[in-house]
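Chain nomenclature is as follows: A, B, C and D, assigned in order of appearance, with residue numbering initiated at 1 for each chain independently.
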Amino acid sequence: MSLEFEKPLLELEGKIDELKKVAESGVDLTGVVRQLERKAEELKHSIYSNLSAWDRVQIARHEQRPKTLDYIRELFTGFHELHGDRHYADDAAVVAGLARFEGRAVLVVGHQKGKDTKENLLRNFGMPAPEGFRKAQRLFIMAQRFGLPIITFVDTSGAYPGIEAEERGQYEAIASSIALMTELTVPILTVVIGEGGSGGALGIAVGDRVLMLEHSVYSVISPEGCATILWRDASKAEQAAATLGLTSETLTKLGLVDEVIHEPLGGAHRDLSLTYKAVQMALSKHLEQLVKLAPDDLVQQRYDKYRAMGRVQREVKV
Amino acid sequence: MSIFDKFRKQKPRIDSSEGDAVPAKAPGSDLWVKCSGCGTAVYKKNFQENLKVCEKCGHHHKMTAQERVQQMCDEGSFFEWDSDVISMDPLEFGPEYLNKLQQDRAKTRLSDAVLTGKAKIEGLEVALGVMDFHFRGGSMGSAVGEKITAMMERALELGLPTVMITSSGGARMQEGMLSLMQMARTSAAVRRLNKAGLPYMCILTDPTTAGVAASFASLGDIILAEPGAIVGFSGARVIEQTIRQKLPPGFQTAEFYEKHGFVDKVVKRVELKRTAYELLSLLTRPLEVISES
Amino acid sequence: MSLEFEKPLLELEGKIDELKKVAESGVDLTGVVRQLERKAEELKHSIYSNLSAWDRVQIARHEQRPKTLDYIRELFTGFHELHGDRHYADDAAVVAGLARFEGRAVLVVGHQKGKDTKENLLRNFGMPAPEGFRKAQRLFIMAQRFGLPIITFVDTSGAYPGIEAEERGQYEAIASSIALMTELTVPILTVVIGEGGSGGALGIAVGDRVLMLEHSVYSVISPEGCATILWRDASKAEQAAATLGLTSETLTKLGLVDEVIHEPLGGAHRDLSLTYKAVQMALSKHLEQLVKLAPDDLVQQRYDKYRAMGRVQREVKV
Amino acid sequence: MSIFDKFRKQKPRIDSSEGDAVPAKAPGSDLWVKCSGCGTAVYKKNFQENLKVCEKCGHHHKMTAQERVQQMCDEGSFFEWDSDVISMDPLEFGPEYLNKLQQDRAKTRLSDAVLTGKAKIEGLEVALGVMDFHFRGGSMGSAVGEKITAMMERALELGLPTVMITSSGGARMQEGMLSLMQMARTSAAVRRLNKAGLPYMCILTDPTTAGVAASFASLGDIILAEPGAIVGFSGARVIEQTIRQKLPPGFQTAEFYEKHGFVDKVVKRVELKRTAYELLSLLTRPLEVISES
């Protein structure tokens, strides 16, 4: 999968590879190659330091971008996935389980998109059914019982919009998940690692700290959905993305995101180990701070944090 | 004297909206409205005396927040809170959005899509929130979230039960993620009511969907709904696009959700006040012998 | 519906009615009628004071025996039925709602069998699906939040044994319902009004006081099921009934039932108003005692009560 | 030295049962058993070394309680509780029932269908209950309920996590309603563990149904199950009679219930000890860095 805005770079990189192959047969192209490599490096910088909101959306949705299970594999030890909501089903769009992060027992929960079509079908493209939120709730309560911090990874285009999901109370599942997270007495750390899609994201994303990878996006509605509503034209998604304020910078400015985790040049998928390291360090720092808080303080601070999220004014009547 | 005449006395900000019913186009049409359920032309006076419920097909048309206060509260008992809290333009959508807000404020005489305050229902004091679909489709931005959260915090201070009458298409897109966060903010406030043992009742009216359905509207100790009200997370159009087929009749109605376990009771508008009162009394006045009416 | 053991009495009563009709046309039959009436009264006593366990099963299952909604209508005011488990469905086999009993707000929950085929189909013959138990749980928790006593009426042949009920975790629904009832901080009063069928009954029948109508039955397995297992012959249900100890007397002796509510001669359906009065008085008495207890004491006493339910001995090894 | 030889040293009460596998009928059949999953004849020594799991088809055969202790606990760490608690005949079923109990006590060397005690799993001290299907089909009467409840109360006193390995057809009919009440009794004890924040783990083995499934077996903080174990409330025969059709393949298996949301994880017998240990450690030793094996 190549992204539109990366094409000039990829073409140049392709040319360099070709020249290198030719060079292997004895022709001396060192100078030319070096020159092109410098050019590629410049191009890379100019492309990636001027990413539009829509470019970000593309990166956030990139199939090769690390997913929840990648982070679990790389940053956690002894992970045991736990299944089921104890009511109806196990939803593979949400993975959850116990594991250790830097030796500390925690509950990990995250949306899981697939890396290919087969996995996407299994996991319904990471779009949770009500059972996904209810599995999370069940395990949140268990984590609370045993005093385990909770780490959630957000990566979904949204809750699944299907007949059966509606029948089984998609809205109720999201609401009760959000409400539960506001009152849990254990630390909650959330990282938006890819796409944060509306209520389906928020259902597992009410945290004491909400972190966000630099090129992730988090939006009240998909750019396509927004464009359809505003201009009755889904192809104007690019324009919608620009207005929705879905980037990590804007969300930080609005006070909705606590820290942006910087990504390697070109996005997380271009240097996985750097990405994992960055996420680990961020988690580690915040977790260490949060576990020091008394449960009552934690809950009060979380309440105050969300209480402050709004921009209103008092109307002056003339 | 019709119910709305009474309201006029009580509060000046009356909206003459016909809800989703439309003025009939025949001569003298200002006296008639056309039911959006069955198409029958109804004499406007009767329509309003019947609480905007069609006498023929029972369709419950949308009410303004003020009409709702009139219907649900004891006369003269409503005292408004935060009437001046308005939204800003945090994403700089620009003057178009601000103008629309201004227009809707003028049209509905509300500061945003919810009216909050203290009131009495059959003598029982409650905190009351009423959403109004006529204000930007009842969409929830910062002002709606602020007013609802503040209302619940006041209910907590005053030890009052809370009644929330919902009508909303969901989050307000133009306020972006701030809008989404109102879901967490309001839900957190509901849980404080729960912890304090204060009853919280939701009354779902047409429509209650998306971000509002998925937060405070579905967290009630008791959830009532008006007949035919559309409830749900995803909109019908989005679902139809996803599954590429028409939705079954009755899908996402109040009755559908009663059957599927998410609504305690579908209650006709005319019985709503009494039902709400009786249920709240059971939770707040456990030892009182109340009269049957 | 007439019961087998009642037939001689019903025949005699029929004969008396006939004679009375004849007498209306002028014939003096006063003496004969009076004699037969005396005989009928004696027969009635002799039949109803010698009811076998199997006779009881018949009375307990009688279609005209008062059902949960009858008790709600007669003994409670301002009943509002509340629907749904907030997860999947509303189960009509279990009715639940808020009401007042002698002016006091309470939660009422009960199995509801039908009085005719149509209602039986609607209510699945009073056999709960998992959603019935989950509706009860949701409302139990609500009752606890607001300090409302809980009154449950038991009348089911058992939880529904169907594919979908199993898929949706019938066993889990019953278990969590039982467990919840053991820890609720509000008084729980249970009345077995008809058939108490195994786990499906117990799922709403863990009470501070368990009352039982005289001719109700409460059994670990249906007599038919027991006969099938013990003798591979369902028609030996009568024999099984006798051995299962399912009558109110036996259960009282075993310490599993706190009070037997006496029924009119011939069973509850033969004198409804007497029955309602007796149930009301029993509920009233026990409720008054229970509401005086502090929540912690209530829970502790309930624990102790169930803790004592068992007959074991220490084996003496020789 | 096979795992069962070890057990013999540790405790004398070894049951030579083959679980549901049957001795093959060929000459020298005492050396061979036939897998009840695929019919393959397996060399008995291998069968037992493989924890009674068929090497060919993976079928998990029933184990005795003592074998289970041997499999799950550190050598020599098991200390039995209430070994002398036996049921009575409260309904006066008569000598036939009492004789059967006596026979099963002799056969299984258990006082009733559950073995309880204190043990160590990879060094972690736990309260452990193991049901044995060979004793009256694992049915739960007063003795089973008493031993399980007492075990949990001891776990509460000692502050130990509890592991309950289930195998049962349900309530014990011959003890009538006393048997049913064990569901409430044991469930109440589980909730005390919950309140104290002590982990409670259920491990469902074949079969775990009816009254046991519908009480303590489904109340675990974590619920593991062995592959292929039948779980459920109603028996397959009863359901088939009710719906008058055959049940679908795989119905009511551990895998079925994992898919339907009621089992956290299906775990092969060979991995059970390590998995149980790791999960319990996560709940009881939150700050410890444990080694991966």
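For this structure, a couple of remarks:
The rule we apply is simple: a contact is a pair of C-beta atoms (placed from the backbone, for glycine too) under 8 Å apart; a residue touches a chain by one contact, two chains touch by 3 or more.
Since the structure is predicted, the reported quantities are computational estimates derived from the model, not experimental observations.
Using the contact threshold fixed earlier, the set of chains in contact with both subunit A and subunit B is C. Averaged Cα coordinates give subunit A a centre that lies 42 Å from the centre of subunit D.
Rounded to whole angstrom, the centroid-to-centroid distance between subunit C and subunit D, based on C-alpha atoms, equals 34 Å. Distance between subunit A and subunit C, defined via averaged C-alpha coordinates, is recorded as 54 Å. Multi-chain contact residues of subunit D (touching two or more other chains): 260-262. In subunit C, the residues touching two or more other chains are 86-88, 168-169, 172. Inter-chain contacts, as defined above, occur between A-B, A-C, A-D, B-C, C-D.
Subunit B meets subunit A in the complex at residues 84-88, 90-91, 93, 105, 111, 142-143, 145-146, 149, 171, 173, 175-185, 187-188, 190-192, 195, 209-211, 213-219, 231-235, 238-239, 242-243, 247-248, 251-252, 256-257, 260-262.
Chain contact summary for the complex, subunit A toward subunit C: residues 86-88, 130, 134, 168-169, 172. The touching residues of subunit A, counted against subunit B in their complex, run 159, 161-163, 165-172, 174-176, 178-179, 181-183, 198-199, 202-203, 206, 218-221, 225-226, 229-230, 243-246, 250-251, 254, 256, 302-303, 306-307, 309-317. Every residue of subunit A that touches subunit D in the complex is listed here, in rising order: 77-78, 80-90, 98-100, 103-105, 131, 135, 142, 145-148.
On the subunit D side of its complex with subunit A, the touching residues are 194, 197, 199, 221-222, 258-265, 275, 278-279, 281-283, 285-290, 292.
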